[in-house]
Amino acid sequence: MATTALDHAAPRYRTRSALYDWLTTTDHKKIGIMYVINSFIFFFIGGLLALGVRAELAQPGLQFMDESTYNQLFTMHASAMLFLFVIPMLAGFGNYAVPLMIGAPDMAFPRINALSFWMLPLGGILICSGFLVGGGAAQSGWTEYPPLSGAAFNPGSGTDLWLMAVTLIGTSSILGAVNFIATIFKMRAPGMTLFRMPIMVWTMLVTSVLVLLATPVLTSGLMMLFIDRNYGGGFFDPASGGVVVLWQNIFWFYSHPAVYIMILPAMGIISEVLPVFSRKPLFGYKAFIFATAAIGALGFSVWAHHMFTTGQVFLPFFSLMTFLIAVPTGVKMFNWIATMYKGQLTFQTPLIYSLGFLTMFLIGGINGAFHAAVPVDFALHDTYYVVAHIHYVLFGGSVFAVFAGIFYWFPKMTGRMLNETLGKVQFVLLFIGFNLTFFPMHQLGLSGMPRRIADYSSSAGWTDLNLVATIGGFIIAIGLLPFLFNVFISLRNGKPAGDDPWEANTLEWATTSPPPPYNFDHLPEIRSERPVFDARHGAATGH
Amino acid sequence: MTADSQALTPVEHSPVSGLAHDARGGISNPVLGMLLFLVSEVMFFAGLFAAYFNVRAAAPEWPPAGYQDFLHVLPLAGPATAILVLSSFTCQFAVWAIRRDDRAGFVRNLTVTLALGIVFLIIQGTDYIVLWTEGLTLDSGIYGTTFYTMTGFHGAHVLGGVIMLSVVLYRGMVGQFSARHHDAVEAASLYWHFVDVVWIALFTTLYLLPGTQGGG
Amino acid sequence: MTTPRRSGPSPALVLLISAVATAAVFLGILVLQVPAGTPAADYPSQISDQLANVWASFFPPVATTEQGRRTHDLYTLVFIIAAFVFILVEGLIVFAVVRYRRKPTDTELPPQIHGNNALEILWTAIPTAIVALLFVLSWQTLNVVDAREASPGEVRIQATAARFQWTFQYISSDDNQTVVYDQLTPEMVVPAGRTVHLALYSPDVIHAFYVPQFLFKRDVVPGKLNVFDFNVDPAMVPPGPEGATFKGQCAELCGAQHWAMQFTVRALEPKEFDAWLQAQIDAQSAKPSPAASGAPTGVVLELSAKEIAYDKTTLEAPADEPFAIKFSNNDAGVTHNVAIRDASGTEAFTGEIFPGVDSRTYAVPALPAGSYTFLCTVHPNMTGTLTVK
């Protein structure tokens, strides 16, 4: 664990106060940390909304709320989790890590970076203010299909606030994507060719391309729905000549690539952690890059698999493309396993969360494949089977990867290690709680329980599994308490980390923890995708 | 840390060389940023066009009954198109001027560009008033909705471009640009050309494409 | 070079203990489910029955239509491949975790393998072949499930999904397509063994027609009439006028009472169906025009419905004498009624279903003392308690 002493001539930045510093900063590291904190706040908000949903569903009968409130809870749960937690959290990791990993002093457009961040708390406040207006918050599902989401059936402002907030959050994403792409292409240190960049950087690059191309299409749809709701527009109104499923086509043209936006950076994190904790390079570096690009490209060709039951899509094409996208995903899985093969694994928290990711994402990928078979989708669409699928890939996948990333990079961000024991306790609780909540949903969906229902009859036979799922949900909530405690005590008293506590591979570990504002005093020679590893072992190992 | 990496890397290869003008060659960061942003703007309009063609294909006839006679190339939309296309030319003349350090030529051409842009907006506004009073409104079924939505968002982008050009013109007039430093001019001109190209696509689609009868 | 840390518990041990603990908890739950008082000798067969149920829960219900049966077969095939893939890949993960732990003797780096192109090609080509096969098989099944050909004896029904009930219009099979009978009770009666041609219509928002035992759903989209055919398997339908009943439910969020938009499909032998349909048509034409009310006898209870809810959840009536319920349906365009069930679930009275805004006075026959449930036939969430004493 080497420690670098900063050059005595290095400038010191004096600011008026810490608060002013953070509010006005354009430093990608501080902005990245703020992204992470803001995202965690909305993770907890989204989680509370989920607990409300689970509490109501534990038993038949409406015990705690009316149907409209229930519909708001699941709508806002998904909206908060997807738009305000997963996507920005991964963007935050990217913001922190990408300039460091390519040896740059900051992002290409630091002020736009700050703007991108501050749009998020604003968007979050806007979307949540729906709870305070007449009629309540948006309540037609995070997918907001018209005519239900139109003015005739949801006249209150909640849906309009949702539309405005998502537009704002989408704009934040798009500006971030411009920043990432420009930074990655223009700000790499000497020797850092494209094919020596860490996989995390590659996944952020492909993700940013997806954001750039897909998010504006969602924006156009949001504008159309806003016009329909408020100005008598007829985009989605058959009586005016509009087409109802036009919304679904536009929405899913974005929202399908969006799920790759939500998983690719997570896969990037796993691809950084596994090699470090196996003490071997990532197996198949170039294959990884091609697989990532293939997922990105194919991701634009599958959107209508969310619409198989509408009777208005060309089924064979979308079914084929959906099956095909399993192939590059499988390639990644095999490459990760091959990275561990013949390695020397040390079971510290980043690795443990990565292993959880591998298993949970495997299940999520497999249960997704069932839906690619169109007749099976006819049976399972809009049932709890889909809820199982999305949570296995988003929670079992992205969230576990996020925690792997937190435990991995917290030392770099703060200079202190997180407590390993608390991290392992958290993992066990999350793992058990997660599987208890979401595995039974396979059974519930197969037996016919639809999604988005506030209540169900006691004769349906769904009561026991719903109760189990609710218990699991509360275990997840309990499992997050050790995490909060861990962060709190580690910030104060955590073991000092030094530059490189994990004996890692990439450039962020070549500077202090936390890095100085300009990131690097000096850079090691960059001759492979593991420059710090090469420097530690005295020889270039690579390409 | 290895001993041989103590020396600072030479300036030409410094990590900050992507800023402003790139000593290694290639386009500058601000121009790359604008190009990427324009990609996203293209996708935004792509969504609107996709919606338009979708509802058009689903309609039994297009323009729908009762709306056959609203959108005409003369006297307003055609000249507006010519004016916007002309403004792209003058904009490019301005860029060429500043590239060869002809600051007066730059200011002249950019002023004309700005004026033409404002004239375009005035013609559009006039056209809107005429059409609205004739009975084509946002809630005139899907025909009115798509017309105003698409041209309206385009007009908003023209307005944004007018503001951008005004700022660039002001900066040029106070002497902030030279042949070596004028990234904002390059970026703003790219945006202006984009706005023009989108209009050509819109004009062709909304005004020039032949209608359909009994299809869909 | 750092030396390896002191070793914690071996992953093999952790995984083993977790597996054993999970199996123990699972078995314990199964044991707890066995009804109290079961003799010990019966426990093994009870447990194995439950295990069979657990296994069955990984599959959709037994299909009751020919199309559904093909879908079930496809599901089983995908399941087999999925199980194989899971066992293989998870097995590799577990193996790597157990076998490649860093030991205290591992001070040197392991072999720094960067990749293997042959492997990459192999694990790209084989999954591609597998998914291509799955695609072909699912496309073939789709062609059967989605097939639509007019066939003799075909029954034509239009299902109307509105917020928040289902009604079914039986349509003549000639070219005029007239509605011969309008079924307001949310039960679609169909013949087994004959093609049923179902059209889906919505006057308001998107709904979805979903019958789990058909392994099928189709959206009901405003502005587009979705149609599909199905054939109930006669082997699934017992003879007689009761037939077999399958539950259905709306499966596309349509508003507050989305969850309550339930219906049933009752399949009858063809001759029973013909008799049923003819009886409905006859009853419909013979029905006197609905009078505003018969002369109310005895006690008159007042009840109204608004926003898919009754205004009262408790009613009282005298025992052993007829009484009346004056029922106001204040939901425009929505059908309601009042029905009464006794404690054992038998229907003691079923009022006429009618759309709002309108009212009816129901003449209820004498009921013995006891506790009854009153409910809306169309919306199962609308219930209350009727105390007769």
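When the chains are written out, they are named A, B and C in that same order, and each has its own residue count from 1.
In this text, a residue touches a chain if its C-beta (ideal position, glycine included) is under 8 Å from a C-beta of that chain, and two chains touch if they have at least 3 such contacts.
Since the structure is predicted, the reported quantities are computational estimates derived from the model, not experimental observations.
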Exercise for review: If every step must land on a chain the current one touches, say how few steps get you from chain B to chain C.
Suggested key: 2
Exercise for review: For the chain pair with the highest number of C-beta contact pairs, give its two chain identifiers.
Suggested key: A-C
Review point. How many Å are there between the centre of chain B and the centre of chain C, using C-alpha atoms for each centre?
Key: 52
Check your understanding: What whole-Å value do you get for the distance between chain A and chain B if each is reduced to the mean of its CA atoms?
Key -> 33
Check your understanding: Residues of chain A touching 2+ other chains?
Key -> 242-243
Review point. Which bits of chain A are touching chain B when the two form their complex?
Key: 2, 4, 103-105, 108-109, 112, 174-175, 177-179, 181-182, 185-190, 212-221, 223-224, 227-228, 231-235, 240-243, 246, 249-250, 253, 510, 522-525, 535, 538
**Study point:** Contacting residues of chain C [partner chain A, same complex]
**Key:** 2, 4-5, 8, 11, 57-61, 68, 70-71, 74-75, 78-79, 82, 85-86, 89-90, 92-93, 96-97, 100-103, 106, 109-116, 119-120, 123-124, 127-128, 131-132, 134-135, 137-139, 141-142, 145-146, 163, 204-206, 208, 210, 212-213, 215-219, 221-224, 226, 228, 247, 249-260, 262, 380-381
Exercise for review: Spell out the residues on chain B that touch chain A in their complex, using ranges where they run on.
Suggested key: 1-2, 4-9, 13, 15-16, 18-19, 22, 26, 29, 32-33, 36-37, 39-41, 43-48, 50-51, 54-55, 58-59, 64, 137-139, 141-143, 145-146, 149, 153
**Study point:** Residues on chain A engaged by chain C in the complex (per definition of touch)
**Key:** 1, 66-68, 71, 140-141, 145, 147-148, 153, 238, 242-245, 278-281, 283-287, 309-312, 315-316, 319-320, 323-324, 326-327, 330-331, 333-335, 337-338, 340-347, 355, 358-359, 362-363, 366-367, 369-370, 372-376, 378-383, 442-443, 446-448, 450-457, 460, 503, 537, 541-542
